[in-house]
């Protein structure tokens, strides 16, 4: 689990609850029908906006982004250098015998080993990367749109409460509590948007940036293998994607025979 | 009918109606003249902004996007592989004898069969795709603009109500109800914008993205046919538009004689 | 006159006036000094932002966009096919004898007939189109900025009214009417922005898109003439700018001798 | 002095002062400490955001944009045609003897006369133009950011006033005037932003667009000189930057001997 | 320490404190729990949005941007001219013996001295610059997001306070002070956003622009060295990144033997 995100969520919720406790009671802030209109309305508008499968994928991605470890670009650079060295010593065909986990890298190796033309490999990998970017963008967009819808439904809930209150002004004692309940939905909408939807959208975007770097290392590495470049120079090129401080020095690589 | 969208609309409306029912009467929230100013005003501003035919097309598109099935890119890939195999075995001219539904694909096949130069085919298909994107963008824009106009007319309705109320402060008993009615238009404006116009604009954009993928598969496939590529490699390239999990494996294709 | 826009303006104004009439008097909503501050302030800020000639051009464009007929791209395609056929049969020099209305097309024909190099023609037409786009963008921007300034001056008017009212709270009977007047400027600002400035900016943008299509048809057509392409293929290429449903079928063209 | 801008400023200020005069006293709207917090706060945040020299340059540019005459692109086209003609008749070296005011044009002429390669000239002029655009963008950004900061500090001033007022509710007579003063800062913030900062940023952007056109005329002209193009065609190309109506017809140019 | 920024921070804080002092007591504006919810909530949402290391890097960068001196592009141009002259006289291999501080320049020199192909050097430096830009963008984004979250948590704090106040309307004397406290969080949120987060994000962006100029000078300089260009022309090209007024004239450079 991503420690920073976990502590962020715990910190955010405790601060809100703490702020409520200091001067009042927590149950003043529970209002199921208010929460239903904000959360349910947001889900409703989201279901109209996106395809069902994109909404599911978005929620799954939101879960995994906080739990799954992401790949270190240094590992990817090392893998590419290894493949580059092997292909130089044992020929391009050797790439088809490698055991590779990453989908794109596997495809790249197969295409190279099958003797495809450079243009085709370039186009194919480029389409893979662009399609992946676009799919990730839609996933992020689910949460960005939810971050827009939630405060809006929050205000609608408050307007419903206000209209009902204004219709029954006869009893002045109920004005305060009625208005308090009406304001709760605005609070819910902002809380959902600011503490959950916006940060999740941000995290997903951040994760996409990291993944794209890995994919670009694969892309540039595959082209270098095709062009039969010196692994030394390939390392210089691929490691440029990594900030100088985190860059792992090149390890001499010996092909096992 | 798109199940997610349908349930989204039903869920959204039931939540709003439910929230109203719990603490008050539904008819407190009906106000025809208020609704007229918000919905009518939005339509009026939209008619000034766009050409009449674009507004009609937008409403038609909004209807069809929720009812029509969209094409699976896997089918399109299969069709292109089929055409590719046929053209390799029977010559480019065979493409003109195929029965093809899709407009762009038909045009591409005719151009290829007529022996047009690659440049011309590339340019023509590119213009078709870009023009289609632009037209779709205008269609989406109709709803995006309506999503901007609606809350604005909602607030204008509220201002009209407030000004009238403030002019007649003599009878304090009418203040509450008058203000309740004034607030209704703001509520209408937000509801129309958040539960209808914004999600419809989003859905149309989503659908455009899917259609563009199909068109790009046609484009890249047509170029591959022209370059007489191996269907095996063409499959690798075209299937890159589809996420790995949903990608249909290549089916061996036998040309009927 | 553009029927949709006209009915939009009439519909919008009638709805606003109707909404006012139902529960009050129309003259409650007239306030000259309030209107002066909103409309005048908007004009003042616009004069500082833009050059005087751009503001004039913008107002003229706003007038013509609702009255002038726009050119049908189908006509432009036909013209280009005609020119293409003539140049093939009678030589490029024949283009200089044609009577052409459109400025860009005339320039293109003259350049071609004068025997300019393709690069120069390409660059010249490209610069013409880009410059035109930029000028149109500024024209649209005048109204977009006015749509931003108007609500802002509206709120400033309301603030002036509120400050004056709050200074003289001694007589409670005047509070209501004073506040009503103060709110009017906010109403004016939103009305000007939502029913006039934003839709006009949108219409101008829409018209630019249509004109750009015509210019691109000229551009691509001129290049095709230079490259001496078959009119049949030129038709296929140029008609791609037009949606399939509105595309006029190619008419056989006979050169008059 | 730019007449439109001057009249805009006078018109805007008179309208605001007039609106205040009609129903109240002008001195109700003077509040030095309130103005200090809005204007001073805006300056403070701007000083943190930008480098000191950029803030100075921005204020200087804001002054000059309203006073300095801008160059007519027609003049620039004429100069380029003149240089083109001279270089054709007397050789490229003649360009180094010309007296030229514009910095970029001077640099271009020197590079050409020194016999630099076309690539280098192209790159150098391109860098000059892009760097200039970026510097101008920062200058505009100073005012755009001020237009964001000012209303924000205005609202902070109002919040300070409200908090202080709410702390001392014992004397109800002071509520009105206190609130009036509190609202003044919001008014100041909006006035500064809408009547000054936003329009100035817009004017600076407008001026940049005009200057960039002049620089692009120099760029394209210099390339044409290098390629030894016919001045007739160079005129056709360069005049494309100017709208057809304002385009000055080509004047025959005779080289003085 | 950056003098403008320091004086900006001091000016901003003194103005706010001064404005509070004039009409009230400073301690009316201290509310620890209110500050906790705004600042803590902002930090919480930021931790969810970004990776922990990016948040740390952002805070470090925010500190250094106000203290560290930035490199003068004139120095970088001079260094490149020096390297260019040396490589011309002593051969490319001499570059590997130079003592160079800048990471990118060192890498460029090593690649050149090692005899890498121009394409590889171009790609490698390009990736370095783009990766650096992207990392800087994330760093700026941390503060931009904080500037969005802070006012949002401020309003949530106010809503919590209002709901609690409205629940206990029995004692009218506490309404004023309760509301004053509730408004404080909105004030904190705006202050943090406008006086700290937005300006810091702006400063970081500004600094990135300057650094990118230095990197581009290295990039273009390295390419010029590879192409063995005349230092005189290299100076003309590289100095184009610097505004004419601040450009340092070329100093004749003598290689020490």
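For this structure, a couple of remarks:
In this document, chain identifiers A, B, C, D and E correspond to the written order of the chains, with residue numbering beginning at 1 in each.
Following the convention adopted for this analysis, a residue touches a chain if its C-beta (ideal position, glycine included) is under 8 Å from a C-beta of that chain, and two chains touch if they have at least 3 such contacts.
This structure is a prediction, so every number in the text was calculated from the model and none was measured.
Here the chain-to-chain distance from chain B to chain D, counted in touching steps, is 2. Shared contacts of chain A and chain C, meaning chains that touch the two of them, come down to B. Least-squares overlay of CA atoms from chain C onto chain D yields a rotation of 70° to the nearest 5. For the pair chain D and chain E, the distance between mean C-alpha positions equals 25 Å. Distance from the chain C centre to the chain E centre is 40 Å, each centre being the mean of its Cα atoms.
Looking at chain D, one finds that none of its residues touch two or more other chains. Following neighbours round the ring, chain D first and chain E right after, the list reads D, E, A, B, C. Those residues of chain D whose C-beta lies close enough to touch chain E in the complex are 33-34, 36-37, 40-41, 43-52, 54-55, 103, 107, 111, 114, 116, 120, 123-125, 127-128, 131-132, 134-135, 138, 145, 148-149, 152-153, 155-157, 159-164, 166-169. By the touch criterion stated above, chain B contacts chain A in their complex at residues 2-5, 7-9, 11-12, 15-16, 18-20, 22-24, 28-29, 173, 175-177, 179-180, 183-184, 186-187, 190-191, 193-195, 198-200, 202-203, 206, 209, 213, 220, 229, 233, 236-237, 240-244.
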